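You will see two complexes here that share subunit A, one where it goes with subunit B and one where it goes with subunit C.
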Partner chain A sequence: MTTYRARALTASAAAASLSLLLAACSGGAGTEAGARPSTEGKVTLEFWSWTDGIEAQTKVWNQRHPETQVRFVNAAGETVYQKLRAAVNAGTAPCLSKMDGMNLASFAADGLLTDITRTAAQYKERYTAPAWNAVSPGGATFGIPMGSSPQFTAYRADLFKKYGIEAPKTWDDLIAAGRKVRQQDKNVKIFNMAGEDPSTLVDLSWQAGAQWYKADGDHWTIDFTSPEALAAGDVVQRLVDDDLASNASYADPGVFKTWDLGRTIAMTTSTWQLPIYDTNFPKSKGKWQLADSPVFDTTRPRTASNFDTTAVLKGCKYPDRAAQFAAWLSSDKESLTTLTDPASKSGLFPAVDDVSPYVDKIIPTDMFNKESDSAPVIKTAASRVGDQWRYGPNYAAMYSEMQKQWGKVIKKELTVKDMLTGLQKWTVNDLNSKDIKAVAGS
Partner chain B sequence: MPTLTRPPAATGSPVRRTSPRRTGRRGAYKGLLFALPFLVGFLLTYVLPIVYAFNESLHEKKGTGLGFGPTRVVFTGFANFASVLTDNAFWASMLRTLFFGAAQIAVMLGISLVLALLLDGVAARAVRFFRAGLLIPYVIPTVVSALMWLFLYSPTGSPIIDLANRAGTDIEFFGGLNTYLSLGNLLTWQGIGFNMILISASLQALPRELYEAARLDGAREWRIAWSVKVPNITGILVLTGMFSLIGRLQLFAEPLLLRQIAPESINTDFTPMMEIYDKAFKTGNYQYAAAESLVLAVVTGILAFVFYHVTNRKMS
Partner chain C sequence: MTGDVMNRAVKAGRARVPGRTPKAPRAGEASRGGVRPTRRAVALTTGLLVVFLVYSLAPTWFLLVSATKNQTDLYSTFGLLFSANHLGDNLQQIASYHDGVFLRWIGNSVLYSTLGAAGSTLISLAAGYGLAKYDYRGRGALFALVVGASLLPSTLLAFPLYLVFAEMGLTNTIWSVLIPYFINPFGVYLGKVYADSSVPTELMEAARIDGAGELRIFFAVALRLMRTGGVTIFMLDFINIWNNFFLPLFMLNGERSFPVTLGLFSWLQQAQTARDMNTLVLTGSLLSIIPLAVLMFTLQKYWRSGILMGSLK
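Moving on to the complex of A and B:
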């Protein structure tokens, strides 16, 4: 593959639009475009995952596709990503592995994945645009989307009633509601922000329409201080300043008591959590209600979502078959029907455009009161995931840097704005030190 | 280790010196053969990884294009070390660990010493019981005991906080000085028994005639403890102190686990080892982490050397 700079030169020479160029060049040598031979004969692929129910699906695939046998390896464990890295370096990596979007980006940045842009293009239409973004950081595709977890809000309807507040439509509403609650009981909070977990800010920025990383031709534009990004930061700042959020750590074994006992009365939640409401909230069963996630701009409502992917690792000999299997697993109607059934325990929510066939059965109805519009809320969330968000090549390092400062923000030792300004500078410098061109956006 | 001058062996010269030189060389050869398993292990698990880490630390990973293309690792000399030396967060974590360690080790060894002295004064049967009992925290795996304290400290599930709330007060285990007290308590709890055993063993090795002499001179038990026992076991105190100091500089699992319930108070760069772990396994910057590890090893080595020599000189 030629370097990007060379490609950019070609671009200006041909006066072609960037997106066209990216699409044309990222798949491999230009002459082979479209004519890449697919694998013939019987092959066996190894696949690492740690999602319940996937192994059974793999068996179904193997029965129907004798020419592509998939060997499933349950790779559950804290150190799975480290093991994968080691395996790629040792040349013993599986062909496919489950991976979250953030790790897919950092594996791709470290050159540990196979570029499957060309062979994967045929499956693109099956998935939502933000899901495809998650497997295509920087434009080239390195995997197939597996599932999504669009965000919405769950709140304690009984306590909302008690404090006389309604489900917030915007983040301003949420802050106003939080203040109203605080006036009545200063120990009750509207929201939670964990001290180790800046993902709250990531989600808010995604919802606000911010683009921390934006690919602009041959360089990245890094923008942590755009009006949208600062609007997201401002929400966090107000929650911190007015003591409207509890700070239960998500790693604390007792974290869910915070809501179960009514000390915090609303939270951002997603599809993957629904199957465990039963275990997490034994005391508040039937008192919950779902609502759309609060938005920044009611005319452009967006929400955020994490994506689960199936990445194709470096050294995979049959990327075409790998992509074919991964796409079947996460888009075939029958496969999705099995996997989204609570009996499979996968907790999977599809990343496909039409999720309506899969919504009803994932809702634990006895957890919610009768007024809860659970199904429409989930469908709405799936349909309004912001498609502007991208993970940059040093996202993991930036996230770790942000994590260090986030604790200070929660302790009121640092403002969100100062943190964002610092992160912008840090990210640009870090990218440039790795010979990746980046400029500050604003 | 400074010990009492024992009565010299009655008569006769040492026998081993008399063996001829020729067999000595053969002996050395044989000795090497016996030491081989150790040497091979030492080479494979210590020397090689250090050489590898040093080599890594002289490189940096660079990207191409937008950063999602192939990567290359380039030689950058001591650039990583230059960054580490000016990395405020890294040195802050080092100082934090040192100051905290100094205070915590003093308390821990103090308690261990008192307990060892008490044990030395009571009947043998009781000694066995207490020694075994106090050693239990040491026998429990670090992670298990850290988890146990984690549950006791947890702001959402702690029975201690619950009891305090019922009594109408509020306890916070983290934030400011409390963070260090909570962590110190955990480490002290883990370490008392082990250090006590070492001190206690060294006390038992003291000749009983000394006490008899002191008693004849009219010394009471506490006087014997302070003026006869303690001065004669400073060697083991220095040794345990040094081991503890090295242990503190490598502090990792306990704060990492407690971070789960106190992320605002225990940051990812709370100790040098946590920072190195974060760089290597969260950020994927092995080269920088290798440089940090080597700097930490050198600092630890220097400190251990200085500590040992200063305290040894004081004693003699």
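Moving on to the complex of A and C:
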């Protein structure tokens, strides 16, 4: 907790003094149950995002909440992080911005966010535990979850049958199945790992129950070499050693052909990708099935998920209103119904506990065969995202470091274990050089 | 009266820059009648030029082909060959996306590029003229400073500029991009080169004797003589601004103020996170190079001679 330089006090002080000023002209009372903002009167907040559909939803909010007007600004995608840093330093930052989990952690560590732990506590119950973790990297809360993307597996049912294999329950199963396929046709792979994208290792580690970063009182414990982390690394190593995975790059527009033509027959996928598959798999339409992501321990099944968040930036004068709006956006039933509809093009999947009302619409109509248990698979994935995973203060930097070495792992120039050992050292040193206390876990 | 001064001055200028017109044909003769290139040299040159041509045209070809495909074909058919034509659909999607925001981006790009390049050209020519034609203490040092400044990548300056403009409360206004565009050290350098080569000092003296002030000499005489150079600077600036990305990324908030580069980038980002918009990105990219192509072709005769002029001196 203390690893974060808390900046909350100034913000709440500002909010308090403002409420005195504006107490006379207080607007309509908050309608959300439990949401009782301490700021009174009419305020305007700026909100940066780059997801389609959010702007329309913001208009709905503005109509119903005249006392909290939100000015939506469509920022140009992920490079916004650099700009946001500049804006906070220059004092021109918006109150709220969309952010992914790892950037939220970096921003929080650099003191660029507002600690909203107290005012946000009332919304905590609406979201899943791992989603709340994503906005509370060191214990203190700096934002509200926006959406999740729990992972599951999609596989070519027709080709699985042809090669005599079944949807793998564990990663050991997947490797065994991959070997069986290879014996029959050495050009067909069971999985894909792009040379530029180490997210497979992140997902596997998350699923295995590893904790690369763990907040321990006044310091971070960094553990890339725990038994769980090494088990995840070992799966990647076996996929690489036995040539069981193709290496199609996600930057290549032709990447979908790899699966469409049956050269790779299974993949990890998630909610946001589903709506686009109907158009991207013209040849293999109707031959796919969904299955739970393979697990490490069938008694403790876990999957991984990315989380989008709405972060409250430093200098935001009305963090209570900001949190109220962000929570409405991503937990109000009506708002979620609109946003999660593929017609909104948001690609958003909720981070709330009960996702069942939002599942059916995102399942593409043509992609799956009639036997696919698509809806239950998606619901299961949403409910079993491992809640032990944390984004540490230098996670984003560590990720780019890992990206550099991942390519070598795929080319068999470096073992996963050596990479993990190296990352362990790199991360601890990097944190210590930034005066953040960190120790190696094992 | 004024026209008279001008005409005389210009005539005098023509008369007093001998060698320019005769020199060109002589150079041509030399290469035609002098050493005959060997067959191998010709083959090698032609071969290299063909390679270069393919290298420059291949991406454009890919863009042209991709702009006619729908999303399914984009991923499933060969990238350099046409399949079913969906250009109409793509154009329609572009036109309707967010109430035609793409057209607004093109409009913004035209606005920023035209105003930015015009301002920068005027400033560059004036500054270059001043450096070339007036003798004062520190001129050499100033010129060295300008040349040095032109080596600084503009990307590097985007962040400090943002802080400065935020301090002045000018971020997210058109001035936050225009003012930095106005200042272009490389343009000043070119301006000096052009002023050196095309504005004879004798002519300025003649104008002074005729009673023209320094400002008048610059606007009525020097600017006209430097027109070719001016067009070159304008072109280079226009293209630079059209393609600029980092400055508007930092300075401008909200998609309605984006230039087309930033707009296309925001589509690409969508494509990677939520919604596949690659067909729109590709068709949009093709559309975004059309204004540049038009500009290049219409101003061709100016910039050709402009670029040559610099190289001859």
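Just so we're on the same page, the second predicted complex is superposed on the first by the 403 of 442 C-alpha atoms of A that agree within 3 Å, B and C clash if a C-alpha of one lies under 4 Å from a C-alpha of the other, contacts with A are read in each partner's own complex, and residues count from 1 in each chain.
Just so we're on the same page, contacts are C-beta pairs under 8 Å (C-beta built on N, C-alpha and C of every residue); 3 or more make two chains touch, one makes a residue touch a chain.
Source: prediction; values computed, not measured.
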| item | value |
| --- | --- |
| Which of subunit B and subunit C A:Ala76 touches, first, second, both or neither | second |
| Subunit B versus subunit C as contact partner of A:Ala90, first or second or both or neither | second |
| Which of subunit B and subunit C A:Asn280 touches, first, second, both or neither | second |
| Contacts of A:Gly111 with subunit B and subunit C, given as first, second, both or neither | first |
| Winner by number of subunit A residues touched, once subunit B and subunit C are compared | B |
| Partner chain in contact with A:Trp272 - subunit B first, subunit C second, else both or neither | second |
| Which of subunit B and subunit C A:Gly315 touches, first, second, both or neither | neither |
| Contacts of A:Lys345 with subunit B and subunit C, given as first, second, both or neither | second |
| First, second, both or neither for A:Thr51, with subunit B first and subunit C second | second |
| Contacts of A:Gly254 with subunit B and subunit C, given as first, second, both or neither | both |
| On subunit A, positions contacted by subunit B and by subunit C | 82, 253-255, 257 |
| Contact footprint of subunit A on subunit B as seen in their complex | 60-71, 89, 150-151, 154-157, 175, 259-265, 267-269, 278, 281-285 |
| Residues of subunit C that touch subunit A when the two form their complex | 70-72, 74-76, 79, 159, 162-163, 166-167, 171, 249-250, 253-255, 258, 262-263, 265-266, 268-270, 273-276, 278 |
| Subunit A - residues contacting subunit B, complex | 1, 3-5, 7, 82, 85, 105-106, 108-111, 137-140, 142, 194-197, 215, 218-220, 247-249, 251-255, 257-258, 392-394, 396-397, 400, 403-404, 407-408, 410-411, 431, 433-436 |
| Residue numbers on subunit A that touch subunit C, as the complex places them | 48, 50-52, 73-79, 82-83, 86-87, 89-92, 253-257, 260, 272, 275-276, 279-280, 282-283, 345-348 |
